[in-house]
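Okay, so subunit A shows up in both of these, paired with subunit B first and subunit C after.
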Partner chain A sequence: MLVKLNTENIVAVLIFLFFFVYPVLVDAYSVMNLAYFLSMVFLSLSLSLIWGYCGIFSFGQAVFFGISGYFYAVFTLNSGITTLTPLGLILGVLIGGVIAWILGYFMFYGGVNDVFVGLITLCLTLVLETFMGQTAGDQWMIGQVNLGGFNGINSIPSLQIGSFILTGNSFYYFVLLILLAVFIFLKWFEFSKLGIAVVAIRENRERTKLLGYNVPFIQSLVFAMGGALASLSGIFYVLWGNYITPSAFGLASATIPVVLVAAGGRKNVTAALLFTVLYYWFSQTLSASGSEYALIILGLVLIVAILFVPNGLIASLFHAGDQLFFREHSKSLLRKKGAKTL
Partner chain B sequence: MSKEAVLLELRHVGKYFGGLRAVDDINIKVESGDLHCLLGPNGAGKSTIFKMIMGIYKPTNGSVFFNQRNVTHLKSWDRVKLGISIKMQTPGVFGELTVYENMKIAVQHFTRHAEVKSEVSRLLELLMIRDLKDELVDNLSHGQQQWLEIGMALACKPKLLLLDEPAAGMGPEETDRTAELIRQLNQQGITILFIDHDMAFVKKLARNTTVLHLGRKFAEGTVEEIETNQQVVDIYLGKS
Partner chain C sequence: MEDLLYQFMNNFAFLILSAIGLAVIFGMMKIINLAHGEFIMLGAYIATLATKAGIPLLLSILLSVVGVGIFGLIVDRLIISRLYGRTLDSVVVTWGVSLVMQQGILILFGPSLETLSTPLGSISIGGSDYSLYRILLFVTAIVLLILLYLLFTKTTFGLHSRAAMQNAEIARSMGVNTNRIYSFTFSIGAALAGLTGALYAPTMAVSPTFGGGFLMPSFVTVIVGGANPLIGPSLSGGVLGVVSTGLDATWGTFFGRLGLLVVAILVIRIMPLGFSGLVEKLSVRKSRG
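Up next is the complex of A and B:
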């Protein structure tokens, strides 16, 4: 598939070029900050995939984020063998995906959809936060690892491939390369056979069933893929800070990705990526005077976005750019790729 | 009617919504190759029967057989794979996608990847809407949306095509074109069961007709027999 020349793709290329040269331009602290932002981008992309592409509205990405983060911590600390950390990462992502599949299976085959998925996943997130918060004490040991209640788990080992420990720039580039791979996959997926079925499900679930598609299966599959991406985010977060606490399951963790994706443009992965990085950068910049300001501004941006640009701020800018520079006037959700490349 | 020739059979099918008997103890047989009409006033249970044939509603009692196979408990998508396809009463097209994209969604599931484009072109040609392939579906007329939806139903390669009011909201010219299309599809070997309450349209097309009234089968026979059935005339055609 040829890459189409449009505003979004040009911006995406520029963003990734910028990310690749960023460590040359700034100090190590800023690089690790961006590594953190990029880790959180996976969470936004997971929501972009399930909500933006497939129409499944979920507050539950924090569940998979937290579970896999905790799994990686428990697995690697118990094994004590640092060369097994990549296995911890792979298993953590798989476990997140499998749990999402099981949850999705019961919801979608049980006919649960729309706002009820949001409610169930939000409840699950909060239940897990409460549960993990009370795990202080020796009775909450898994192997040699104490779950640690509100204090969570500290000193979680960094990723080690062979004898090479990924910290600093190497960790940053590792996250960036995986992000690039995931990003390219999602761009490809959007126009794949399954991706087109997924868009059909988002637009009209009942009709899609009547075209012979096993809708609950596809929904469960996409939900599992979203769970795996959120898990990747959780494990990168753990690798970045070497700790995890129950706040990973908290209300903020559950809602911020939803707001970021909605305000940036939920049907557009580049918009989700860009808006997430901008938000976390902004949040960090304001952190000296209290990061709550960032949340207030994010709230205002969301209100403005919903009122005036329901397709998202960044996605609308892309669309305006296309009209201005590429004379692209199609309003098709698949952006008129249909006739030529679909 | 030999047993092998029966493509669709409803046996004592009923659908109750609480105390309301929307469909009650219906027995219908549709022969392979038939062009069969379900006729009846609003609220007779016609669309409910279609939804039970497709698996959108589960019958409260009775069974649905397709090709001698009991499909009562099959999901909608499995019934589509067996060869039942539907155009619903209100167009279920994807309004924010182009005509081509709509057709692609339908076609890609039943056609090999390399043949998707040619199959979409063939169907759009058949429906005479090929010129509209890059048009957003929301911009199409009601009639064009109905044809597109028939095209999407055909993409599932059906043996039995259910058409719920295929000519609803169409002008005389579009209605004639739709009738011609349905006749053509039937001649190609697709069994068609359609709902309508425009008697003139039914007369143009149907070979066999089942009349429903208040959820029950009221009469059945050829169009000529139905037309001359005094009870049908009284309750349905509004003649005194």
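Up next is the complex of A and C:
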């Protein structure tokens, strides 16, 4: 992979450097807050991958988030052996990926595309939330675990590797390292052989098919990868708070990643990362300040962002930075991508 | 039997009334209005507050139709008119609108309003009581569908809007001002949402999250119905009404709701264009002989 010197990559390096030194600068509470924000970044990245790279619009990332979160809870609470928790994490991610693949198989091989994928996944989100919401009562036990309806599941064990329990700073660094790995993978993937085919599908599905690519196969594969990433997010969320409730993947939670990725810049993973962290930080600071105008400001920001910078707030800033500091470079890039961007 | 019929009328009216505004906007403009629930909520607020102020209920309902219609027009002129044809961006923007509206109402009027009592009382058929108001809602839903049918088939506006829906470019080159049609359509969709809110305001608790209960049924009805704002909702309202009534009666409301969603997923899988697509295909086949 060729690392280019442009605003986006510099910002990405700076962000990760900042994340790595962050626990030194602040107290434990702020570190755990950031760990939560970073867990939610995986959800945005999963959508960035399938929507930004492949053009599959999904409302259903929260479904995989929820399924894997519940799976991890049920698995670890039933096994009762804390050293098995890493297995719960791995299996949860795999199951999320497989379910996404099955769903993708039915949709993409059946010729369901564009906005209809969004609508199907929206329905699935609603099904799952409705279903989990009514699982209060003794008939909804899996092994020894009660699914708990709207109250969800509590006191889910933290991740334990050997005899080392990941909490506080160690959990934070664990999430951060995996985030870094996923981030580098996504940056590499964009320009890999498969990644270029994926972008081709986004730009023109029909043409890609005529060039001999198996479009439904690639779409299902990318959708499965997105599902696995969303699952990772769900399990990290569970590990962070040791609880999960159906509202974690309700309609509002399902919409937030869409909004974040669209407003940040959907074709750009750094933008999705940065905007997600900024959003959660901003909304938490506002709600902690007790201001009832927080949601109004948030809504207005989203409206203005889409109206005036349709390519995404952060992505447009990156572009402006390129123009300012790397003028020649960005010009040649523009010429290369001319047909796409203009 | 009367019980089932009454339940069906109830479900059908709820599905049609909650979906019709969304269906008009989505079908005509390809805009997905996530603020639909909040438009309904606004209608309920206007109707409730007006009735509290001593205005007769019928007049307050009219007031909220006009009020939300005008509000829709303002939202369209300020925001939506810049997004014609950008379906996915409209999702994000209207979600922003819904956030602002919900929180705005919460700040202005607090967490809930005193609910109006359901008017008209009930009638007794075969030993069981049925709310007359709810039967009237069913009649209203039917009348609304007929009125919309007349609007879209018998007026110049209807002709122009159908032309804009089929091919906006050609409609424009024939001298149809498509932007004005879209504005008007959005305003009608909003007014219909306002009507729904006003009609249901006396039957449930009015709060800033009032619209939330309408969102799921309305989306499912529009998904199953497809793009056509008339054929779609009427057919899918009928089918989904039967499904949810049947499931409600046998297994309870939860399975009724779940059944709706499962039907929606199956329908998209089998016919991605919904009932409208099916009807279109059949009529094409028929005309080819």
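The criterion applied here is as follows: the second predicted complex is superposed on the first by the 319 of 342 C-alpha atoms of A that agree within 3 Å, B and C clash if a C-alpha of one lies under 4 Å from a C-alpha of the other, contacts with A are read in each partner's own complex, and residues count from 1 in each chain.
FYI, contacts are C-beta pairs under 8 Å (C-beta built on N, C-alpha and C of every residue); 3 or more make two chains touch, one makes a residue touch a chain.
Note that the structure is predicted; figures quoted are calculated from it, not measured.
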Quiz item: Regarding the shared-chain residue A:262, is it in contact with subunit B (first), subunit C (second), both, or neither?
Solution: second
Exercise. Could you look at A:203 and tell me whether it touches subunit B, subunit C, both or neither (first, second, both, neither)?
Key: first
Quiz prompt | Which of subunit B and subunit C A:193 touches, first, second, both or neither | solution = first
Quiz item: Of subunit B and subunit C, which one contacts the greater number of residues in subunit A?
Solution: C
Quiz prompt | Partner chain in contact with A:211 - subunit B first, subunit C second, else both or neither | solution = first
Quiz item: Looking at the overlay, does A:124 come into contact with subunit B only (first), subunit C only (second), both, or neither?
Solution: second
Exercise. Considering only touches as defined above, state whether A:15 meets subunit B (first), subunit C (second), both or neither.
Key: neither
Practice problem: Report for A:32: first if it touches subunit B alone, second if subunit C alone, otherwise both or neither. | Solution: neither
Quiz item: For the complex, which residues does subunit B have touching subunit A?
Solution: 54, 56, 75-77, 80-81, 85-86, 88, 92-98, 100-101, 104-106, 108-110, 113, 133-134, 136, 152, 155-156
Quiz item: Which residues of subunit A touch subunit C in their complex?
Solution: 57, 106-107, 110-113, 115-116, 118-120, 122-124, 126-127, 130-131, 134, 251, 255, 258-259, 262-263, 292-296, 298-303, 306-307, 310
Self-check item: Footprint of subunit A on subunit C - complex, ascending
Solution: 32, 34, 79, 82-83, 86-89, 91-93, 95-100, 102-104, 106-107, 212, 215-216, 219-220, 223, 254, 257-258, 261-262, 264-265, 268-269, 272
Self-check item: List of subunit A residues in touch with subunit B within their complex
Solution: 193, 196-197, 199-200, 203-204, 206-215, 330-334, 336, 338-339, 342
